[in-house]
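Just below sit the structures, each encoded as structure tokens.
Two complexes come next, and they have one chain in common, chain A, joined by chain B in the first and chain C in the second.
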Partner chain A sequence: MNFTLQIWRQDRPGDSGRYETIEAHEIDAEASFLEMLDQVNERLIAQGSRAVAFDSDCREGICGACSLTIDGLPHGPQQVTTCQTYMRDFRDGQTIRVEPFRNNAFPVMRDLVTDRGALDRIIQSGGYISTSTGPQPEPNAMPVSPEVQTTAMDAAICIGCGACVAACPNGAAMLFTGAKVTHLNSLPQGQAERGDRVRSMVHQMDAEGFGGCTNFGECSLACPQEISIDVIGTLNREYRKAVRDEKKASKKMVAQ
Partner chain B sequence: MLVTDGTRARRSGLRELWDSSIGKKIAVAVSGGILVGYVVLHMLGNLNSLYGPGNGDARVDDYAHWLRTFGEPLLPYGFVLWAVRVLLLAALVVHVTGIVQLRARSRAARGGHPARRIGRSFSAATTIVTGSLLLAFIVFHILQFTTLTIDVTPLHEGAVYANLYNAFQKWYFVLLYVLAVGSLGFHLRHGVWSAVQTLGFDSPEKNQAIRRTAGALAVFVVVGFVLVPVLFWTGALSAPDVANTQASITVVAR
Partner chain C sequence: MSSTFTLDAKIPAGPIEGKWNSWLDAHRLVGPRNRASHTVIVVGTGLAGASAAASLAAQGYRVKSFCFQDSARRAHSIAAQGGINAAKDYANEGDSIRRLFVDTIRGGDFRAREANVWRLAELSANIVDQAVAQGVPFNREYGGQLATRSFGGVLVQRTFYSRGQTGQQLLLGAYSALQHQVASGNAKIYNRHEMLDVVTVDGEARGIIARNLVTGELERHAADAVVLASGGYTNVYYLSTNAMNSNVTAAWRAHKRGALMANPCYTQIHPTCIPQSGEYQSKLTLMSESLRNDGRVWVPRRGRDSRPPAQIPEAERYYFLEERYPAFGNLVPRDVASRAAKIVCDEGLGVGGTGRGVYLDFRDAIDTVGRATVQGKYGNLFDMYHRITAEDPYETPMMIYPAPHYAMGGLWVDYELQTTIDGLFAVGEANFSDHGANRLGASAMMQCLADGYFIVPHTVTNHIARRGGIVDDRHEAFERTEQEVQDRIARLINVNGTTAPQVIHRELGNVMLDKCGMSRTAEGLTEAIERIHQIRDEFWNDVRVDGRADELNQSLELAGRVADFIELAEVMCLDALKREESAGGHFREEHQTPDGEALRDDDRFASVTAWEYGGEGGMPVAHEEPLEFENVKLATRSYK
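The block that comes next holds the complex of A and B.
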């Protein structure tokens, strides 16, 4: 198969960047999008040009490292990660526009590589649980009902790829943050920091400069893990309750 | 942007809410809820004009009079009306300020690369447009029927039925009101569902039902509002009895 790629090229962070047209000839239909880029790069290097920089790691759809926006769709047309997107999903001779995940909190490092550290800092601010060391606890000391387990695990499968952010017309990171808060706040292990967790994570999300959700629901349609927009409702609820409880607690302290 | 900075700079209570994106959305949702409540009551109140001219003592004129004397003699003349006006203005200011600020944030976050439309509904994609139209309409509408400033057709204080009748003999006023109410319908369809989600009152099982309820509410409000101008225009609601109306105005205006 043959394709014409319009690829975003940017040498350094902060540069203005531009689209460059590159021909990709004789590509196997069974090649993944990243394997197609590998072949393009081999040819570019053979010509003595600079290879197109892009992110990848596991190449089996579980790590969340790959991050391309293909014709305006984060990860590509199939709602799977870019590494799981195959060239057979495109038309022979098609012109394909490839750009990095767009968000001001994801600065472009080079070409298609962005720094998604903002998501890591959101995790750092509250995506943990406190646990005591020592002898192993009683296995049944913390019962988890199947319903709670399902809710938590459906949220915990988020791979932190950032496609939701790239898809969001508001540049919000609420699906990601909602998934993390839903996961940890619904399990008994997460109760100790429940209110603090959601307040810190929302504060960090805002400090990174992500936008505000208007419930368009497009994040969910771009998410390779099909995280439901319900996690955003949960995030909103947890946050509202945490601020209210905090206010009550501080009033009590003043009274004492 | 160290994580510790974020934790330390945190404030509490209403300040924390207004400063955070989620809290601001909550303010927009709550103020929007107040406006929705008003719009439903206003629509139901307008339906009083369907009782017709009533021999110069139209029911909608009495209704407008009642709005002003509500609570008398316990409360002064027009007190409840003014209390509601102040509440509405406050809600509108919070609603619009919140949206303007959130929108500025979101634009900055996209960094000049607008997102491709993947699956947002028509009403969701146009909330900002329908909202702006409604704001302009509210200004026009108050200048027409409340302050009686835009008197293209004759307007008299207290003669609500006659005012509506005269205005809605003009096709362009009918069209304008139908368009405004149509925008309101789209605004409500996305807005009501979105507010429920923002307040976190939804749950996975209830999500579909909430979306449908928002749609049904939008249709209910649109139909109720549109009936009045359309029925005046088509002549289903007959002309006011001019001689008798003049007499009753003096009573209403006291």
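The block that comes next holds the complex of A and C.
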């Protein structure tokens, strides 16, 4: 198959970038999108040109590194990661626009490579259970029903790719944050820090410059892990409750 | 080059059950208030690195954690699927620490160190407890208890799992523990940083040189101790199940500074992967081994049988694992299953376009337990297979073929997980410690987390208490090492040839897979070494690195890694040549039983071979660590 690529090129953070047209000839339909780019790069290097930089690692949809916007869609036309997008999903001769994930909170480092450190900082602000290494209780002493496990797991499978942010017209990180809050807050182990967790994660989300949710629902449609938009409902509920509880608690402190 | 040291594994005296406790009782401590004045560098944020960094930071040390990905959460460990072993005996089958120990020693074909393996089995239960406390959502039974299943090479159900994403969940547990320490100020993560050298002063590790992958700047980082958790080297084969960027550079640089490389020829070729389909392919995808619990492996009895698999009657199907190994059937260890698949394909019975594939069939499982149950267990794996191959495994058998997967070999470490460089530790897949010549399923994650959560935090403490002390990063050793790294980068760029580094990597991989893969011969290995020399010359005469050193430059990163793979490949072949026996994943065609099973030579080779760097252009020097088997009797493995 043959394709014409219009690829975003940018030399360093902060530079003004440009689109470059690159031909991708004789590509196997069974090649993945990234394997197509590998071949393009191999040829560019042999010609003495500069290869296109992009992130990827596992190439099987689990690490969350790959992050291309293909024809305006984060990860491309199917609801899978970029690395699981295959050229058989495109038309022979098609012109394809290839850009990095677009969001102010994800600055471009070079070409198609962005900095998604803001997502790590949201986790740092409370996306964990505060326990350190050492003797722990016997797990079966704290049963978790398969239903709760399923709710937690359905959210915990988020790969942190940021496609939800890139897809959102407001650039919100609610699906990502909601997934982590749903995972931890639904488990018995996560109860002690339930309120603090959601409060600080939401504050961090705002501090990073992510937008707010106005229910477009694009995030969930772009999410390769099919994280349900319900996690945003959970996030909002948990947040409202946490803010109420905090107010009550501070009143009690004053009263004492 | 003559050798200057003997290998001392520092195994504590006394009965095997008490060794670790007696070590813990006697090791030196660092007072809680002093810990903040000590820095520990941990290279790698996979299961081993993230758990080590989080645990050391929680103890109160200042931890600097490094990874080359854009986020610590993306380390290769995230891709592990099937599960993690622990001797908890929840299934009431009489499982025990001893049984896990014996299975691991036997599975490793009697080429692992007993004391380390016992400790691993002993710590296994704590790992699951730790993970649950962090919120890892393991699968549960109806009553809310943890669920378990069985994995290749064992007869008990001791494998804990989170659907088919156990590695992801365990890694996110360790990653979140590490992020907790970042929030508390004890740890700092240097993502998009690549360690390019270890700095040693008077033979002790005192820090590293790392390249900031965004700006290209070289940075000096000083520490009291350095822990390498940089993963395995299976990408020496180019195509493997590992993440594309996994590489040997951190370990190899340490090797060149004096850390010995142990058993590099022990690599694992995993039996259940999706076969290669084209030249452009960038990686091979593993289908979890857990599929062998319900899937039956077969090929048509007649070669190049063109009928669709469903139309081939029972009598014309060759269930070769079940026939050859009636006791374990489809659940034989990986090395046995892989070689059996290779043999039937060599005999011309293979299926698929290339003839290098066998069927993994769920028809009978779906008939007996129903589609829903099969879907519940393997749904995401079936979907993944469908996505990649555009074939539906509920309707037609999967096609699988072995692929390079795991490195049992790695940096030699003693009982304290310390390399032959004082103050330099190696954990996880980067070390050689526990799996001997073959690793059993669901035990890599167990080893990574035992090393990271429960072993290295104590052995690093012991080191700091005895020898700690930081050297200023303006020390002459930092100056000199940084200059050497700089020169090497300049050398890579200055070749200015015409071939992309990935092209040369592919050539290397083909040679290694062919000559130093599932089966090996003296002749083939000798040829391989010659080819590797040619590839090395081609690399240094014709590689092309586009772009500059002072910017984000992925070709430069890759070129550096490929150069190290080329050097490693030669030592792998030398090691495979030297080991004139077959053991686990190392199969020498000259050494097999009449019915084609691996034939060990315990009189000559019940030992670890650890290679010392021979200097630029020099020959590496082999050292031996004899292995004693006092708790399991040396015996021929039999899965029949």
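The criterion applied here is as follows: the second predicted complex is superposed on the first by the 250 of 256 C-alpha atoms of A that agree within 3 Å, B and C clash if a C-alpha of one lies under 4 Å from a C-alpha of the other, contacts with A are read in each partner's own complex, and residues count from 1 in each chain.
The rule we apply is simple: a contact is a pair of C-beta atoms (placed from the backbone, for glycine too) under 8 Å apart; a residue touches a chain by one contact, two chains touch by 3 or more.
Keep in mind that what you see is a predicted model, and the values were worked out from it rather than measured.
Of the two partner chains, chain B is the only one touched by A:199; chain C is not. Of the two partner chains placed by the overlay, only chain B lies in contact with A:214; chain C stays clear of it. Contacts of A:59 after superposition: chain C is touched, whereas chain B is not reached. With both structures placed on the common chain, the touch criterion links A:125 to chain B and to chain C.
In the superposition on chain A, A:75 makes contact with neither chain B nor chain C. In the superposition on chain A, A:240 makes contact with chain B only, not with chain C. Of the two partner chains placed by superposition, only chain C is touched by A:157; chain B is not.
Of the two partners chain B and chain C, more residues of chain A are touched by C. Residues 124-125 of chain A touch chain B in one complex and chain C in the other.
By the touch criterion stated above, chain A contacts chain C in their complex at residues 11-13, 27-28, 30-32, 34-36, 38-39, 41-42, 44-46, 48-51, 53, 55-65, 80, 84, 88, 109-110, 113, 115-117, 119-120, 123-133, 135-140, 142-146, 149, 152-153, 156-157, 159-160, 183-184, 187, 189-190.
For chain C in complex with chain A, the residues that touch the partner chain are 51, 54-55, 58, 69-74, 76, 78-79, 90, 126, 128-130, 132-135, 137-146, 162-163, 165, 168-169, 172, 175-177, 179-180, 182-183, 189, 191, 214, 243-245, 277-278, 280-283, 285, 384, 387-388, 390, 453-454, 457, 498-500, 502-503, 544, 546-547, 551-555. Remark: chain A residues 71-73, 99, 102-105, 118, 121, 124-125, 166-172, 199-200, 202-218, 221-222, 228-230, 232-240, 243, 246-247, 250 touch chain B in the complex.
Remark: chain B residues 1, 3, 5-7, 9-10, 12-13, 16-17, 19-26, 102, 105-111, 113-120, 124-125, 127, 190, 193-194, 197-204, 207 touch chain A in the complex.
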